[in-house]
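Step one of this worksheet: look at the structure below.
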Amino acid sequence: MAVVKSPLSETARTVTGEALQGALVDLVDLSLYAKQAHWNLVGPRFKVVHEHLDEIVDLARQAQDDVAERAVAIGVNPDGRSRTVADRTEIQQLEPGDLADDKVVAAVADALFEIIGRFRGRIAATGEPDPVTQDLLIGITADLEKQHWMFRAQA
Amino acid sequence: MAVVKSPLSETARTVTGEALQGALVDLVDLSLYAKQAHWNLVGPRFKVVHEHLDEIVDLARQAQDDVAERAVAIGVNPDGRSRTVADRTEIQQLEPGDLADDKVVAAVADALFEIIGRFRGRIAATGEPDPVTQDLLIGITADLEKQHWMFRAQA
Amino acid sequence: MAVVKSPLSETARTVTGEALQGALVDLVDLSLYAKQAHWNLVGPRFKVVHEHLDEIVDLARQAQDDVAERAVAIGVNPDGRSRTVADRTEIQQLEPGDLADDKVVAAVADALFEIIGRFRGRIAATGEPDPVTQDLLIGITADLEKQHWMFRAQA
Amino acid sequence: MAVVKSPLSETARTVTGEALQGALVDLVDLSLYAKQAHWNLVGPRFKVVHEHLDEIVDLARQAQDDVAERAVAIGVNPDGRSRTVADRTEIQQLEPGDLADDKVVAAVADALFEIIGRFRGRIAATGEPDPVTQDLLIGITADLEKQHWMFRAQA
Amino acid sequence: MAVVKSPLSETARTVTGEALQGALVDLVDLSLYAKQAHWNLVGPRFKVVHEHLDEIVDLARQAQDDVAERAVAIGVNPDGRSRTVADRTEIQQLEPGDLADDKVVAAVADALFEIIGRFRGRIAATGEPDPVTQDLLIGITADLEKQHWMFRAQA
Amino acid sequence: MAVVKSPLSETARTVTGEALQGALVDLVDLSLYAKQAHWNLVGPRFKVVHEHLDEIVDLARQAQDDVAERAVAIGVNPDGRSRTVADRTEIQQLEPGDLADDKVVAAVADALFEIIGRFRGRIAATGEPDPVTQDLLIGITADLEKQHWMFRAQA
Amino acid sequence: MAVVKSPLSETARTVTGEALQGALVDLVDLSLYAKQAHWNLVGPRFKVVHEHLDEIVDLARQAQDDVAERAVAIGVNPDGRSRTVADRTEIQQLEPGDLADDKVVAAVADALFEIIGRFRGRIAATGEPDPVTQDLLIGITADLEKQHWMFRAQA
Amino acid sequence: MAVVKSPLSETARTVTGEALQGALVDLVDLSLYAKQAHWNLVGPRFKVVHEHLDEIVDLARQAQDDVAERAVAIGVNPDGRSRTVADRTEIQQLEPGDLADDKVVAAVADALFEIIGRFRGRIAATGEPDPVTQDLLIGITADLEKQHWMFRAQA
Amino acid sequence: MAVVKSPLSETARTVTGEALQGALVDLVDLSLYAKQAHWNLVGPRFKVVHEHLDEIVDLARQAQDDVAERAVAIGVNPDGRSRTVADRTEIQQLEPGDLADDKVVAAVADALFEIIGRFRGRIAATGEPDPVTQDLLIGITADLEKQHWMFRAQA
Amino acid sequence: MAVVKSPLSETARTVTGEALQGALVDLVDLSLYAKQAHWNLVGPRFKVVHEHLDEIVDLARQAQDDVAERAVAIGVNPDGRSRTVADRTEIQQLEPGDLADDKVVAAVADALFEIIGRFRGRIAATGEPDPVTQDLLIGITADLEKQHWMFRAQA
Amino acid sequence: MAVVKSPLSETARTVTGEALQGALVDLVDLSLYAKQAHWNLVGPRFKVVHEHLDEIVDLARQAQDDVAERAVAIGVNPDGRSRTVADRTEIQQLEPGDLADDKVVAAVADALFEIIGRFRGRIAATGEPDPVTQDLLIGITADLEKQHWMFRAQA
Amino acid sequence: MAVVKSPLSETARTVTGEALQGALVDLVDLSLYAKQAHWNLVGPRFKVVHEHLDEIVDLARQAQDDVAERAVAIGVNPDGRSRTVADRTEIQQLEPGDLADDKVVAAVADALFEIIGRFRGRIAATGEPDPVTQDLLIGITADLEKQHWMFRAQA
């Protein structure tokens, strides 16, 4: 347990901390996933999708910082180390090598849809113990759902 | 092998590609390592070190993009997925939980020193097969050595 | 129904979609209403009110984009065509020709008050089916109520 | 008739005022038309066309402000209310629901071509009564024709 | 009672107005408190803490404007006069004269913790009568808790 | 006659040069006139009109530079010295001392209307000898007429 | 007495320190006074005066920082705590509740005039003991007198 | 003939297209000419003329893009390839090797004067068939004549 | 006498007001003088001197605004009308027509030297009655003397 | 031979100068080639490729300036005139008229690959005689190879 | 004696010139001193003090330019050559090699205190002969005293 | 020897450290040399050369920071104190007093040529022991040679 004195009760902190740690793993791996696709992409839509993927990277990097700092602010140590992310991520991983643009678009849409499902669960779980964390998760979910729409629309 | 036609011979591409893939793993994990420390830091120097660590993150993120895109530009697919990074990284990992500022400063200095050693090997290896890649690695090494000095100076 | 796969259940999507479509009509017409006043304004307070009305236009344009893109993100097609807006708007329309500044100030305050009433209904309706949409509507309502105060204060 | 004293004769003002009011209806509806397509677009070219449509929105919004303020500057009240736009627009309206990207590209090119025809008529009509208004209409037509080329080139 | 027509019922306005007035006193005095420490600070960590305190000042000034304008937007007059702040503040006041850096860090962390407790009470109180105000208070609390973590981490 | 070789015939240059010199005197004196009102203004609308007058100053200064440089570009020396401006200006001068805001607004509207009349004469005169100069004068007239509308609307 | 070694003699420091502490109380309370008026303002000139008051707030906040840091630079601890300000301020306080715009304009002009009188006394007092402080006070007085003119001109 | 549907009649398009193609050759070669002088310049006025020549380059590059895109917008394919420019340019070419500053200044002034003559012919030719193109050519001519004056004035 | 209540005694205001009015005439005419030279300049140093003269224009315009607003702030109406400037200016006027660069450089240096002499007199005159005005005049004189050096150095 | 005294020996200068002159011809023609494609492009990928081509133009223009100024810095006159470029370019020229997007993408990739081959030869040739020039050529090659990858990836 | 005609009498110029030359030596050496410490610093406060020292460098560089240009503006040649600075500086020099952070902080505070003493003497000396120079020296002293406080506070 | 652990061997560090220390002395004195000329310059080309010299100052200041920080990064303490610079500089010093522009231009070109010779020696010396340092020195030499060309071209 972190040195920071929590504004939450023990129970509320545990529930909220788990939601945030789960979100952190999703977001760190989403940023690595989107970069992998950004680099290995091929196909006629290369330029557009290549740049669009960096919007996902930016979103995921900003959001991972927000959830990790929210965790420590409520007295829970976030864990975003490579081993932790690799072992706990639930995102369906990309194959190595060249990645065709149409497949990447569909795969990103699917990955986002799965992540959104987990975020909606975290929103439901944190409303009572910590509305401040819930509000953060709502904001990230809004961004993820906007990107999900945009990838789905071009799939 | 990537779809991109390489400006290098088969041999030169192999040697250069290995140097770049090794650099990529170092840099992705360095960015995750520095973020982990950024979030879990405690101690009287918290504010300064917390912000200094984000300079490392920025350096590592910019450089990982440069080496990965250099790899694909010479016809080699980079692999920066979480599993690959976790399995291949040679950086001494941080413990979970609160991290004291003085220990973080020393650990970052040590980690940078090890990474610099590997980069100097890559500079030596790529000079003949691909001076364009060598020049990129020289530039990144200059930045890493500057940060190494600054962390060591306050250790 | 839009091509985008919804993160909401069928029922939740219907309720939320109606709230967003209603908000869209309000906001598109508010932007046209404020521009009409912006152009045809006369009176000693012309310069101040002329510029203040463009703050309403900016607010309404940003918000209409947000609600329309939120609708499609949950799998509902927004309709912001001129015919739809003209037929469904509930805003009390302005007369053609010159518009005196004091009357415009009072009319804008009244129009905003009516719109706010409808937005508060939408906030109540969406809290259960989609807290992400509710949070967006709360943010827009905050902006509308701030502008309502400022127009009312000078009425 | 607006409170502003006109620098034009009665006849010149009438002719010029009609040209500007017609341009206003075209431009307000063009902005709503492009937003409707921006929101409901689907297909492999989604991202590019989605963003390109916002260039049309920006062009149409800036130009509608310029023509409306030009009208009042010559002593004619512009009318850009939703009902007026819906009743007087000559733009072929979009269907509700999802809109395929290739159809949108063709439809926008056609709509722009029709609008350009009407603007060329307004340029011809205003040269004698008011060269200042004509110069404004020439500038807007140049922008519309540039966008027409770009949509036609990808149709 | 302010001239502005409230979007809230009489009861809801009273409850919400008290929460906002309490928040205003906390935030105005927090800004004066942080400035007092900013000016009279001494010790080896002077430069870092001196600048960090201005982040608290900025946060408190922005937030006090938001809560005061929210109060008047719901028809309640905010009171941020020096006498009111001095009489009603519950923040443990600083001593005059030089202030050692380590004591300031601990004192700010404690003061923020107390303020956060009061804000969490206001979040609970306003959820039902006015979710728009609640959302504003949640946002300010998130910022206060982030600063609390950062001061506590270096205490 | 200036050292610059003119792209115009002798006759065309003479006609165009006279139009530009007349415009220069109007614009230099307009900038001094607006500054005099900017400084000596009193009345309840002080702040708004004070700032609005600086928009006139900016317009007049930019335009005077454009017409003077256009003159020399066609081989005619512009004369914007204080004595020349004072002797040739046709603008109705302001009284010394305090100037009431409502009188200033009316006076600026009247002054602009007179200047616009002279500019429309210059547009007519230069169309045949130099369409490049005519285009410049049309652009300035558009700006003057926009300001005329805004001052008249609040008179 | 502050830890900082003073560049002034004991006597000079005492005189200068009193002038700066008096200025600090004036400026902190002026910022609170102007914010109170900014929030509770009503009347037809609301928008203009509301924004103008924030110029006073900005001026007072910047100047209070300058005088407080000047005090500590000469070895005198500034005191800007809420209790100190409330007890020592000589500014005529505003009533709670709605404040009519014309009364606010007159009240601000009067308050500034009183403050200016005290600043002119401080300029006279510090010229001999510390010309560096005197120069700072002259600069602030110039800004206060400019604002005094602008409020008086519209009163 | 380009794929783009022209807003002009066949005859109007031919005349206008020839004017634009001629302008394109002038402007592409002017940019290469000015760069050649920019690089090979010597003499006491080196720094000033070196930088001034880049203003010509910027003007010529922006204008060549505008005329080429105007050509395709009216359904005519522009040709700006190196062979076409070298074969059709009418600009008096520079000698290879060092270029003395005074000779460059005179040569640029002469080259601009010749180009201006051709642009004035194109203005005359396009007024009837396409006033939109004419307006573009007028704008470019104004810029060329301003630069001509400035080079001539220092020759 | 202006509506603004002066912070100065009657005598102090008269002396200070005369200094400021004299400064205003110098500065308005300096801006017109420098623009006249800016436009009619010829010679090998054209580009440098042409641009340098605009630094004088900027300095003079900023300073004239400062002295005029200072005058009204102490209750004295400034007079910057064209007739007043033309009648009272003591600056040696430029001849009409082309102006050789070396003569302009010398003339500007001389004109600045004369103006500086008058400003030094005004500094001496205002120190006792109004140190705030004196400080403003000192700042303007510093700028004038810097420009005087730069023109003299190249004369 | 240029007036500038070379830091290189006669032999080193000759070898290096030839490499730079060859690079200059490649880069000037590459910029004209990419603009020709930018203007005459048609096909479903128009918008993306149209904008991507301008990145090539920017790269080629910046690099041509760098190599030309590097040439003169070592005492060799660069030659970038239209005739020289047209006669010496080795780039496979584009056909006149409309250019299909897929063909353009492939052609640009091929042209870049050929240019890169020549740049790699220049890197090899200049390493010994002038490492400063070599470093410049390495930097440009890195940029060309990055663009080659991006065009090839979408071919 | 410089070519510039002095606005001061011979005596005034001599006194003022000596003050400015003394200030110049102090400021040039202060900038070198602070850079030496910036580079060779070690210790736990490295990052903060390293960056703080660059604020001293910036202050000293800006101020040295101001005093040197002030000297030449009054007709006195400044001398800031390395030999002059090394021979005339009165600043206690730093040792070569690593410099511990706490010693640097104390040493900078001491050096600034000594420099401030000399600047206060120059302020006293120049008030009568040249109030413009005195005002410049007062401004620099204010900045030096602010930095002195900040270094002393953390010593 | 500095506290920083060197990535180089003892021998490599010694050779590289000497090259960097030599570069540091050159660059610090170049910045002082260029400022001395910047201040004492006279002659018809004053404005251009005065400003051009500040480009040298900027180059020299940025480069001195880079070489000094590179030295400490490899474990060698840089020495940039005034005494060291004065004693070790090999730059031919300027005379005190006014400096004619043509002589300054020639002197700067000569000084740069000498410095470049020393930098080319350092590039040769560091390639084997430390390619990272060599790359830095190549970059600085490129900038110095560009400036050498520009000063030589106008000499």
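Per-chain residue numbering starts at 1, and chain names A, B, C, D, E, F, G, H, I, J, K and L are given in the order in which the chains are listed.
The rule is short, and it goes like this: contacts are C-beta pairs under 8 Å (C-beta built on N, C-alpha and C of every residue); 3 or more make two chains touch, one makes a residue touch a chain.
In this text, all values refer to a predicted model and were calculated from it rather than measured experimentally.
Enquirer: With residue numbers as the basis of comparison, which of the pairs H-I, C-D or D-H duplicates the interface of B-E in over half of its contact pairs?
Expert: That would be H-I, since it shares over half of the contact pairs of B-E.
Enquirer: When the contacting C-beta pairs are counted for B-K and for D-H, which pair yields the higher total?
Expert: Of the two interfaces, B-K and D-H, more C-beta pairs touch across D-H.
Enquirer: What is the Cα-based rotation angle between copies subunit G and subunit H, on a 0 to 180° scale and rounded to a multiple of 5?
Expert: Subunit G sits rotated relative to subunit H by 180 degrees.
Enquirer: Would you kindly tell me how far, in whole Å, the mean C-alpha position of subunit J lies from that of subunit C?
Expert: Their C-alpha centroids are separated by 53 Å.
Enquirer: Using mean C-alpha positions as chain centres, tell me how far subunit A is from subunit L in Å, no decimals.
Expert: Measuring from centre to centre gives 49 Å for this pair.
Enquirer: Express in whole angstrom the distance between the two chain centres, defined as the mean CA positions of subunit F and subunit I.
Expert: That pair's centroid distance is 23 Å.
Enquirer: By the touch rule stated above, which residues of subunit E touch at least two different other chains?
Expert: Each of 3, 42, 45, 48, 69, 72, 135, 153 in subunit E touches at least two other chains.
Enquirer: Report the complete set of touching chain pairs.
Expert: Pairs satisfying the touch definition: A-B, A-C, A-D, A-E, A-J, B-E, B-J, B-K, B-L, C-D, C-E, C-F, C-G, D-F, D-H, D-J, E-G, E-K, F-G, F-H, F-I, G-I, G-K, H-I, H-J, H-L, I-K, I-L, J-L, K-L.
Enquirer: Quick check on the complex: what are the subunit B residues that touch subunit L?
Expert: So the residues of subunit B touching subunit L come out as 113, 116-117, 120, 123, 127, 134-135, 138-139, 141-142, 145-146, 148-149, 152-153.
Enquirer: Which stretch or stretches of subunit C touch subunit F in the complex?
Expert: Touching subunit F from subunit C are residues 41-48, 50.
Enquirer: Please give the residue numbers of subunit G that touch subunit E in the complex, ascending.
Expert: 2-3, 28-29, 32-33, 35-36, 39-40, 42, 61, 64-65, 68-69, 71-72, 77-83, 85-87, 89, 93-94, 96-98
Enquirer: With touch defined as at the start, can you tell me which subunit A residues reach subunit D in the complex?
Expert: Touching subunit D from subunit A are residues 45, 48-49, 52, 102, 150, 153-154.
Enquirer: Where on subunit K does subunit I make contact in their complex?
Expert: 3-5, 7, 69-70, 72-74, 131-132, 135-136
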